[in-house]
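Take this structure, written in structure tokens, and hold onto it; I'll ask about it next.
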Amino acid sequence: MLSCAVPLDYDCLVTRREEVLPGVVKIFFQCEGIAATALPGQFVQIEPSPGTFPVTRRPITINSLTDDGFELLFDVIGRGTELMAVMSPGDTVRVLGPLGHGWMTDPGSKWLLIGGGLGAAGFQFLKDSVDTAAILIGASCSDRVIPLDASFVVTEDGSTGSRGLVTSLISEEHLSNADSIAVCGPVAMMEAVWKTIPEKHRHKVQISTESRMGCGWGVCDGCSIPISDGGYKKCCKEGPVFPGTDIDWKRWKEAGL
Amino acid sequence: MSFPPNIKRKFWGKLFDSPIMLASGTAGFGEELLNLNCLAGVGAVVSKAVSLKPRAGNPPPRLLETPYGLLNSIGLANPGVHHVLNHILPETSNLPCPLLINVAGESVEEFADVVSILESSNVHMGYEINVSCPNVADGGAAFGVDPEVVLRVAMGVSRVTARPFSVKLTPNGGDMVLSAKAAVEGGASAITVCNTFLGMHMDWRTGKSIIKRKVAGYTSPALLPLVVAKVWQVSNAVSVPVISSGGVSHGEDVLQLLAAGAQMVQVGTRLMRRPFAGAELMDEMKKLTGE
Amino acid sequence: MSFPPNIKRKFWGKLFDSPIMLASGTAGFGEELLNLNCLAGVGAVVSKAVSLKPRAGNPPPRLLETPYGLLNSIGLANPGVHHVLNHILPETSNLPCPLLINVAGESVEEFADVVSILESSNVHMGYEINVSCPNVADGGAAFGVDPEVVLRVAMGVSRVTARPFSVKLTPNGGDMVLSAKAAVEGGASAITVCNTFLGMHMDWRTGKSIIKRKVAGYTSPALLPLVVAKVWQVSNAVSVPVISSGGVSHGEDVLQLLAAGAQMVQVGTRLMRRPFAGAELMDEMKKLTGE
Amino acid sequence: MLSCAVPLDYDCLVTRREEVLPGVVKIFFQCEGIAATALPGQFVQIEPSPGTFPVTRRPITINSLTDDGFELLFDVIGRGTELMAVMSPGDTVRVLGPLGHGWMTDPGSKWLLIGGGLGAAGFQFLKDSVDTAAILIGASCSDRVIPLDASFVVTEDGSTGSRGLVTSLISEEHLSNADSIAVCGPVAMMEAVWKTIPEKHRHKVQISTESRMGCGWGVCDGCSIPISDGGYKKCCKEGPVFPGTDIDWKRWKEAGL
């Protein structure tokens, strides 16, 4: 597991804003500190507004690094992301990061990336950092397919690629070719992927989790992910990426995020 | 008292440059914050709750943000007093400020049991006895709503430690002034006013609460006036110092609580937005008072 | 119950197109609002508190806005039950919706005394018995914190009227579920959950409270989760309908309270910003539920 | 006493904004309803922001009427007025009005206007509506003297007019020449004026009061002004203008607003 730099609380300048898909915004932040220290799979805690409310930040995966900053790609779904969606060039935003443990990337490892919808957001950074054997993407429709140069794309309505679920793309060949398998997407999709992958390949699987967060740096115990030993691990500190074997899928699904 | 209140405080015989305490459950045991370099401006850290046996905590989701506040249902998750004593407290020995250990119990005796086990550590200054947790052994209402029970808890703790301790009361029922007086009678060296207010969010589309335990602890900057009123009532009724807990987001809020009678002021939820709140609040206060 | 909850409600045997009640003290006796044409969307109006003798009310300032809420210290100002009966109630006879009269007392007997005097009017549908006021005759704590006293107040009222009445509880101490059960035992036909939370604002520069009575009633949109929790607790514990009171500013808040178990939903402070809140809330709800 | 039109809740367009003195803003609102019905001394309740906070409106006297609207002139002193100060042309603002009972203007009456600082704000409208014998204004300094074509102006620091308090301008001649005397300003100033005016003229005096308000239309009982019979009257409904003989100065001063 890669060791993490101490996160810092940065005032970041917004340098670009783009609506990459309907209701999906990509924002570029200038921040040399995060550019210099972030690892794929890590996230930041972003302050959605300078006012008193909302009372917590919003966790967003680092989508990719630029020379002097980083970019976030997010879905506009509620209060916080609505405020974030109107951030525009010239704004200064408080961002704490990089946070959490990202993908466990052994040198020389060949990767299979399996993503569902916007869950594929963080893959750009991973893809830029490792040797990728294949990228399999599933989405509900073309409006939810992130530009990523994926090897194979399916959509539920067939609007991009063939019609189907991402699990239909998973073959023994893909699985055998990979030393590491990264999975990111909605919980139900990740569980389906996990169940599709035969036992013998499961040790290679890493799961990128999400949880409602308080702090983001391990102090509030609010972000627990149910673990197969019956206990919990902290999404923000021990995750967000976990070995697939750690996850207690049943209890996690019950949480309903 | 003089006004505007002094920022430097005397508390439990010690001089504090800052009245700010990090509230239980929002700062771990302080060691993470030391790594983050955000203990500047902090007078003391209160640990998360420690119970006799390890507690896995409540099922997720444990947090739910509402438009103007935060619901938490952590369930006093902690690795138990023995693990804390042997593996966590040693790591806190280089904290730049005093540590208070927040103690939870499921029965009157458990509080004293936890404290007596912790006595073999010398890294902490004192305790905060969290009588806001449900009295599992006796029906499930919080210990703190019954002055008789508060008295017994405080007496039990007094018996096993010579360190100072604060009793942290609950705002959810009972009469806080009576409970505070009982705590002092039982030997408490301070009163923490107060723990979280019970709150709930209902999904009106389904009739279900997203939090599995349904009700949860609610915190919000908008609760400040409730805490100010309680601090004022309790500090006028007891002779020991009052530690406020709840509603702080700006330096002005801290000054208001000090003026209402708090000797020290905790900040919790604000840390979720602002890990460096200690230093920020101190700056804001100094700007306002010119101190 | 079905979800999303129906906006049309049955309450006290009558069908209401709107669950919205205007809360006591924020709508006079409804007659001003009739002039302003803002009773559209309103299911019922609750009058300001009526006491036996005229009450001048508290010295000003009676209101103090905080960043996220409002402190009020009105002091139950009202011209007394006889004046209300003879001069005000006749003017409310053309209200387009039912009127409940909010009744305050300083002793257990006074509630029944006020109600029995009001019985000779036939413009009102029923009563809301405000046991949140201080029990002057017996120490000054609110009547509502002691279930025994609540029982006696409710029994007294039951004896003098055949009209339905709700007992409006206080969140400031005691156990609301026990008080609600006592009210029902005493004959209450509904429980109002709840009156204002005690709050305070301190001027830290001077150490003085701007409100002369120091503590005051605090209301805020941010208190909604506290009210939702209490409505859920009380409605699960009693068989009579629960009327929620507190924290409503949007249609979604009303739906949440209905889903938590409220039969009717009061709105108070929001009227200070939005006199036409009744119609606005109804519009917002209909948009959300498609009803 | 003039009868009042029923107030309505209007969405008013801001058409102009001007900083007339440092920290004193004048805003023009388009609103035919209020232009057609408002009387001098009445006020409006203005929504300082579209958000949830602050929870109450802000009461401001109608400074003057225009053909199709009205103007407000206010001091920027706190949360609400800070939000109002940044209102700019094109914004739409919710305004309830006209509210309260204004100056009691008997036909043919000759007026003496005595104002302190920004308290003179509402005089423009009164002056436009009645026959004015004289206008006496006192202020702390020139930065607090509202443009009003006053007959006499004094300031505490002598920066406009001579140095002194407004009470020094009050002469028997002014008082005798007037049938009605309008007083508006800080409570302490109004009390000083009241005390300066001999008993025999006091029946002519009308006082424009202020109070922290909840509703503004008479339902909450939050805006009480202590009255000489020991009770209270509602500033918003029975005032804001009262006969001077109504006021209980001692209890009003104790309120400290």
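First chain written, first letter: the chains are A, B, C and D, and each begins at residue 1.
Just so we're on the same page, contacts are C-beta pairs under 8 Å (C-beta built on N, C-alpha and C of every residue); 3 or more make two chains touch, one makes a residue touch a chain.
Predicted, not measured: the structure shown is a model, and the values here were computed from it.
The set of chains touching chain B and also touching chain D is given as C. With each centre defined as the average position of its C-alpha atoms, the distance from chain A to chain C rounds to 48 Å. In whole angstrom, the spacing between the mean C-alpha positions of chain B and chain C is 33. If each chain is reduced to the centroid of its CA atoms, chain A and chain D end up 59 Å from each other. Annotation: 34 Å between the Cα-based centres of chain A and chain B. Counting partner chains per residue, chain B has residues 67-69, 220-221 touching two or more of them.
Counting only residues that touch two or more partner chains, chain A has 52.
Taken together, the touching pairs link the chains end to end in a line with two free ends.
Contact between chains, using the touch rule, shows up for A-B, B-C, C-D. Those residues of chain B that touch chain C in the shared complex are 1, 3-5, 66-69, 71, 141, 145, 173-176, 197-207, 209, 214-215, 218, 220-226, 228-230, 232-233, 252, 255-260. Against chain A, the residues of chain B that register as touching in their complex are 25-28, 32-33, 35-37, 48, 56-57, 59-65, 67-70, 72, 74, 77, 210, 219-221, 249, 269-273, 275-276.
Those residues of chain D lying in contact with chain C across their complex are 6-7, 9, 47, 52-57, 79, 96, 211-215, 217-226, 230-232, 251-252, 254-257.
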